[in-house]
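These notes are about the structure you will find just below.
Each chain carries a letter (A, B and C) given by its place in the written order, and its residues are counted from 1.
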């Protein structure tokens, strides 16, 4: 039972990070390697908000989301505006986002120092007993709020202009230009949204990780793994993949040890990709057909 | 002679090519027409091996090609072009031609390259990047690359798309030259019926993956069934 | 342009070679500078092979350091256990490189770009977590006591010279391998397949086979270089599998320009210089590397070495001015 709850809370966080990766890929053909910076700045945003404004949950969460969204906008200005549709976009965006991730993590180190900052427990210190196992309010809160936000994002993407434009873009980019969907304007929305989700995830996870300059690295790697496992560009795929990876990680950490987690995740990915080169999205499509 | 028998290609629940049997003799040009979505390009993909067929056989001369990967079929003498000119854009004209010359061993002598270049009237400067060439020049470059290896069959997928009046006339002459010089089996998928009329001895009309009619161009295009397929076909959304 | 009997670039490469040859005679060699030169040799060799795989062949592999590290550890372990001399260790490195390269090639031929890139990142992490937990491989401290190029009887100055010229030889070997696979038949076919795979297959190019060739040959050279690292420094540590090292080498390769040997050498020299200059500056060092990387990427499309060609093309595209003056003449 404990394993199930840690799997779910991991899946919730990974889902929030991976959807940003997947959406950015769908909208721009861009693998955002600076996504970890959004996560890290989100954590510091939450910390700053708690320190200077108030440590009430909405303020801290808003601080995290704002920090992440800000990084999303910065990536838009530094990478998408100057490079999109230029020669070698495929390699240059990778290099540029890697550079931002390098600079971002080290700027945080310069500004705030190497020591970790503790964020207030957004959901209080309490705990509940469900089906005989003790779950901290923090974990439960993270699971519930991530599920709500993910659900909301999925609904918004289905209903809103942004979502419609995105679906048009992924289907047929020439057609999108014809019906007046501007990739450039969508890109800002997608990057800000992705960054905001990563920032949210980092505040939700802050009781486990704390805010430190390198805090974005592991979520970035795991977010990428989940997004790729799900099949880049597929939101249902990413959610299923987040659950799969959450379970794999929780099981590995419990029965083998934390140091084997990343290895296990890579093995899961390798096996799935070798069987289905397009990831879980490929499996979902086949199941539908 | 290039032939296929009862060729089928289905993906998902959709049957794009539904049992096509055809033969193109050496020195013959066969036109393949049909409304949008009739399965013309898919038929070429299945013959050339770029997409696997779900059933049926393909033979080139005495040799059975069924099941071989695309590059093996190319080596055995089956050449094909694409709707969009697909020459690599970063390479110079010279490098693209060299790639064809060196594609597999034995590599070819310089004369073969010159011969193919002259045959398709390719005049583009050697050091220009292929991405900067006009559509017709790129198409000629692709043709030169393919003809260098002296294939016995050549499939052209919408050779006129993106070309204008004079260019189409030049292409018509080139196809005629190639047929006379090499006496190979040529299959042409094309929308423009007047082009097919000019180059093809025989025309085949495809509709919903099946052969609807076959015969001399003037005769086939007059048939009521063909006219119905062309003009009453529901708009296919790309 | 004057075209003699010599191939283009002969003057450049001869000048560079002579400079490298006589550098020890004209500069005062400190230990630090010598180490930087040796490190340059190792990094340049690795980056040249990486550029071959990623640039020429267009395969998004991040496995370079994984292959180098695994080969280095494997060859070093064998050499220490069996007391092999250094030439045998180098051969062992190349062999391990080929084996790992083949393992990497397996998914490379099946998976699309980014998917493969991520799997190769995984290989690096896999190697790191294995090595850090393996007692025979020295845990986090690394593996030491491997045979080195310079015999112990040699003086400090003498052994410095041996290491310097060995590094120079390593770079030259890597350049020869690079030239053999980037130019001529194999290179043209690889770049054709990178540019358009359907076109390449339509010409009858065995795309899978030539990609296999480039992965195996470059992996052999990468493994050899990994073993050379031990022969230079006597040991190897898990740092070779760290994300920072991977990023540094990647930055070197792309800043200079992934499309040419000149670019790779230039980028390696430039970033190694920055890296060594700011060695004590902590975070600033990586910020500087990141900023250089970002600025170069935003300004140039093919790295610094591709800048002249880029400017030429832009001039040709924006104005017909040069052609007009040519016509008047």
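Heads up, the rule we're going with is that contacts are C-beta pairs under 8 Å (C-beta built on N, C-alpha and C of every residue); 3 or more make two chains touch, one makes a residue touch a chain.
Everything numeric here is computed off the predicted structure, so don't read it as measured data.
Across the assembly, the chain pair joined by the most C-beta contact pairs is A-C.
Farthest from subunit B, judged by the mean position of CA atoms in each chain, is A. Per-chain Cα centroids separate subunit A from subunit C by 33 Å.
With centres defined as mean CA coordinates, subunit B is found 47 Å away from subunit A.
Distance between chain centres (mean CA atoms), subunit B to subunit C: 42 Å. Taken residue by residue, subunit A touches two or more other chains at no position, since every residue touches fewer. Counting partners per residue, subunit C has no residue that reaches two or more other chains. Counting partner chains per residue, subunit B has no residue touching two or more of them. Taken together, the subunit C residues at the contact with subunit A in this complex read 107, 110-115, 117-119, 121-122, 125-126, 129, 133, 243, 247, 250-251, 254, 258, 282-284, 286-287, 289-291, 293-294, 297-298, 301-302.
Partner subunit C is touched in their complex by these residues of subunit A: 31, 78, 82-83, 86-88, 90-92, 95-96, 98-100, 102-103, 105-107, 109-110, 217, 221, 224-225, 228, 232, 259-260, 262-263, 266, 269-270, 273-274, 277, 279. Every residue of subunit B that touches subunit C in the complex is listed here, in rising order: 48, 50, 69-72, 74-75, 79-82, 86-91, 95-96, 98-100, 102-104, 107, 142, 145-146, 149. Of all the residues in subunit C, the ones that touch subunit B in their complex are 185, 188-189, 191-192, 194-196, 198-207.
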